[in-house]
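Two complexes are shown next, each including chain A; its partner changes from chain B in the first to chain C in the second.
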Partner chain A sequence: MSEVAVAVDDLVVEFSSDEGPVRAVDRVNLQLERGKILGLIGESGCGKTTVAHAMLNAVAEPGRIVRGRIHYAGHGDLLGMSEEAQRLFRWQHVSVVFQASQNTLNPLQRIEAQIRELARAHRISNPNALVGRAREICDRLRLDGRRMLDAYPHQLSGGMRQRVGIMLALLLQPEIILFDEPTTALDSLSQESVLRIIEEIHAKEGISGVFITHDLGIVAEVADVVAVMYAGRIVETAPTGTLFNAPRHPYSRALLNALPRLTGDPRAAKGLTGAPPKVVGEVAGCLFRERCRFQTAQCKMAEPVLTSVDADHRVACFKINEEDGRASV
Partner chain B sequence: MMRTIRRFGVAVVMIWMVTTLTFFLIRLMPGNPIATAYQTLLQQGMTAQQAAVQIHILYDVYPNQPVLTQYFVYLWNLVHGNLGTSIVYTGRPVLGLILAAAPWTLLLVSMGLLISFVIGLLLGVIVAIHRDTWIDNLTSQVASVFHGVPNYITGFIFLYFFTVMWPWFPFGNIYNPSIAVGLTFPFVASVAYHAVLPVAAYVFGAFGGWTLSTKSAAMAVLGDDFMMADKIRGLTSAQRLDHLVNNSILPLFTGFVLSLGFMFGGSVFIESMFSIPGLGYLVQSATTQRDYPVMQATFMLLSAAVILANFAADTLYSRIDPRIRN
Partner chain C sequence: MTSVPAVERPRVVHHGLGRIFFSKPIRVLGLSIILLYILMALLGPVIFPPQIALVANPAKVFQGPTWADPLGTDFQGVSVLAEVVLGARGVLMVGIAAAFFIVVLGVLVGLVAGFVGGLVDTVLMRVTDLFIAVPQFPLLLLVASILNTSSPWMLVLMLSLTSWGALARSVRSQVLSLRERDFVEAARGLGLGTRNIAFKVILPNMLSYVAMNFMISITGAIYAEVGLLFLGVTPFNPDNWGVMLRQAAGTSGALYTTKSMFYVLAPLLAILLLQSGIIFVLGALDEVFNPRLRKGGARA
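On to the complex of A and B.
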């Protein structure tokens, strides 16, 4: 039994809107085991990034965490800490590699100035040592450290910025890194090199990570366990191999069906039509039913909860035993 | 560097064009004081020659000289730093009049601009942070109203309430004439006391605009990814506020420097209302009395201030925003 690095418990995040509170994250439970990478997948707007921000209690306005616990091993519930303790906890224990790192740096400061600011914020007694460490990490990431630290954010190319973003995430030696679509904004060559760097860090430093993406190919490459999110809810969790070989939730199956195959006719890939519903307040029933080919009256009346179908494999669906005819594709 | 030199050259050419334009436009205005004086002398029985000599002695111009010749004489004098002599204040050099008036205008307007900018910046940032709360609604409404009221209205209201109804502040002039001019405490205190109302009138007319533009700039910055990332990186509230303010000032900077140029012209109303012997007052009195040399010089100064402020804004902006620098 491996140790749990962070457990998200019954997390609910709502965004206020004119029509009422919109549920961006609905009763989400996640567990990240130490040294493992958890892939969090789903289409845009399903609440993946909000989960990551909530794990740091940094959900952007007008969103707020309605309830839940973010329990970090050795630290307790983040939401129960004082403001100042939370501030110091962020980045020292959990850091983030953002989707568009270029926009996540203050455009008016050189990278080195931003590192020194980080040192001051986290009360690091020797800022010069931190700058030195930043230079070292740059070298490991095959970046020219001196040039990077001397540059303004806009002077770096997309791939460089993303690696500078990774450098910053590693700087305070956190136990956990949240990767929020770190490769989405990059061309495929930079994507490959960033992924390789992440795998290297993971292997060498034993860092635990949450990897958020809508790219199934990347998840298959890096994640140990995958959670599939739909309209703010987790609909299926399974070890990566299991999810890719035997997905049970109709949404997971549809996602995999939408992937073009290397073997066979690429046109056989079938996209999913429709869009996820906007969830205002409490909504009964399965949120996927409108787009689901197996829907019955039961799906409207009751909400399917995550149920174990196998060791480590849990699905929230009444119709997990339906055949979807994928064998014939 | 080359670009800066070229921009400066363009600024100089523009100032020359404005100078030329003013020179001829002024002479198209009805009411030529030289012609009037010349006619008066003729009617007093002087010969044309005597009258011309008399005019030349009095005003340092030849009344019957072609305008084009006058223009070249004017330009020649101008590049030698000679702005001519006043017609109304007979014999007094224009440069002296301007140098005597400019400090008061500079003092009042730069104080007013600086105070209104700082107030507007503070309010704008506070409002942006507390958007859609009562703080935002109240402040934005008040700012819009003050933004809409011209400063001579606020000036008039201040005059009425604080010099007539409650005579807390002095009216007229910029210092008490019974105090000797100099860098002494009583003189400086007297200037400060006299400056309160005109500066307040300027501030009330200008802070609303700065508040509204700061608010929209700060709201845009608050929506930027790096503000979200700053929180996640555990930066302190002070550091995040610092990033917010620095990034919000950028879009206001050009407007601020341009205002420095426009403020000379904008001070006409306030100065004439509070009888402050500044540039605005000089422009106004020179225009009503058709004091050509003074009009010419002050108009040139007002437009040169705007043109040079424009040049300064262009040049300085690239220094404060690294993205523009290269």
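On to the complex of A and C.
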């Protein structure tokens, strides 16, 4: 077995709202092995971004980590560190390509000034070298490094800003990078260059990553392992090949079925109806059951927990034995 | 450019302060007016040495404009122009000092309340409301007449204390909305510290607003100061614009004769002109602090 770079343990995140605390993430366990990329997929609003932010203990208000541990190999539980230790840990050991990375640059500062700010915050002794490195990464991302660093964010296009966000995430050479939909605003050429640089640093520097995306084609390409989230929970995890060939959870199957196929009957590509429930307070039973064609009385009574069905393959569903992966949804 | 055609370049434009202020004639005018007042404050006593210019001259009482006294003379026969020019220093100093304290106090309280939140926020806002609720002018009148002080610092203190509250409230709400912005939320993930986020990310993004408040507070403070002296609650001081107004309007009968019309108008116009100058440059402040609003300019 290879070494675990970061283990998310029993993570619960809530957002306070008028109706009460909204559980955005519920008892999530994740293990990211060193040098591997974990794909995190699931419908919009299922909590992917919240998991990523929680992994830096940077969930924005009114969100709050209710419990859990974020255990980094060689560093221990992030949540147990002092404020200052956490601050320095962020970005030096784990960075994020923010989902809204087009808007995550300070509008008042040129990119270079923001890099120098980062250097100062992280007590980096040679800021000039860091700026040089930034320029270099820009060039690798098909951006003109010199001009890029001289620009204010509003002078850049959305795709340029997104790649600047990727550059920033790579800048301090963290061991772990969380990519939150890093390619959504990009044309296919730039998308390619982003994926190429991710694969490159992944292969060369042994970086581990979490890759969040709605593009299942990209997941299939870059991820070693995939976790499927539904309504704040992980409902299935498996090696990428297994998940794409033999998904077991009805939700995973529906998600993969929703993929437009180039071959075959287009009617087979039917998606799900309905929307995931909003979780406020305690719930009973499987949260997916309203949308699931296999639901039985059992699904209403208790919530299925992740159970191993195979080595490295875990599913949270009561019905996997009755309906195997080949059943159409 | 040649070898790697696919590389993308942003179009980077540089703008100096000069371009911002000289891009519109109205701003040039505003800047000139402000400069004129600063010169008056700095060089007034050089141009009109008080020991000569402010000496009473019974032979010249209430004269209309002449070449020697372009704005005429007052009830003592002193040149109105000299009084206006010499008064600039005191008025400006009180205005600027009060505006400075208003802005420092308002920004600090608003920033901390909005950024720290919770109990700190609640307590600070209660205190703020208390100060907002105090009616400024009656309090000024009361304190000024009780203490009977001519110290400009007492004036500055009173003006600042009664005016910072409103600014603190609006700074706080600006902080609250800035905190929701993606780049502020991301700053935490980047490992920037709390103080860093407050003073280097949030504060700079409000600076144009703060600067505008500073400028407007100057005129506000000057109005309050002049108003107070006009009402006569502080000791006599012939080159103060408020005292001039009082003398002109009340004791000299200037309101009834056109001859000394300038005696009434001069201090009034002096205030109005300064205020116009400040209003004319307000628009430029937005551009100074927000690169996004800067237009035109040459390519780098």
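The working rule: the second predicted complex is superposed on the first by the 313 of 329 C-alpha atoms of A that agree within 3 Å, B and C clash if a C-alpha of one lies under 4 Å from a C-alpha of the other, contacts with A are read in each partner's own complex, and residues count from 1 in each chain.
Following the convention adopted for this analysis, a contact is a pair of C-beta atoms (placed from the backbone, for glycine too) under 8 Å apart; a residue touches a chain by one contact, two chains touch by 3 or more.
Keep in mind that this is a model prediction, so the values were computed, not measured.
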After the alignment on chain A, I want to confirm one thing: do chain B and chain C clash, or do they fit together?
clash
Would you check which partner chain A:H122 touches, where first means chain B only, second means chain C only, and both and neither mean what they say?
both
In the overlaid three-chain picture, which partner chain does A:L108 touch, first (chain B) or second (chain C), both, or neither?
both
Kindly classify A:R248 by the partners it touches after superposition: chain B alone (first), chain C alone (second), both, or neither?
neither
Which holds for A:L56: it touches chain B only (first), chain C only (second), both, or neither?
both
Which chain makes contact with more of the residues of chain A, chain B or else chain C?
C
On the A-aligned overlay, A:D150 touches which partner chain: chain B = first, chain C = second, or both, or neither?
second
Please work out whether A:D139 is in contact with chain B alone, chain C alone, both, or neither, and reply first, second, both or neither.
second
Show me the chain A residues, by the header's touch rule, that chain B contacts in one structure and chain C contacts in the other.
53, 56, 58, 60, 87-92, 95-96, 98, 100, 103-108, 117-118, 121-122, 152, 154, 168
Which residues of chain A touch chain C in their complex?
53, 56, 58, 60-61, 84, 87-92, 95-96, 98, 100-101, 103-108, 117-118, 121-122, 139, 142-144, 147-148, 150-152, 154-157, 160, 168, 189
Contact set on chain B toward chain A in their complex:
224-226, 228-236, 239, 243, 246-247, 250, 321-323
Along chain A, where are the residues that touch chain B in the complex?
53, 56, 58, 60, 87-92, 95-96, 98, 100, 103-108, 117-118, 120-122, 152, 154, 168
Quick one: which bits of chain C touch chain A in the complex? Just the residue numbers, please.
4, 6-13, 179, 181-183, 185-193, 196, 200-201, 204-205, 289-292, 300
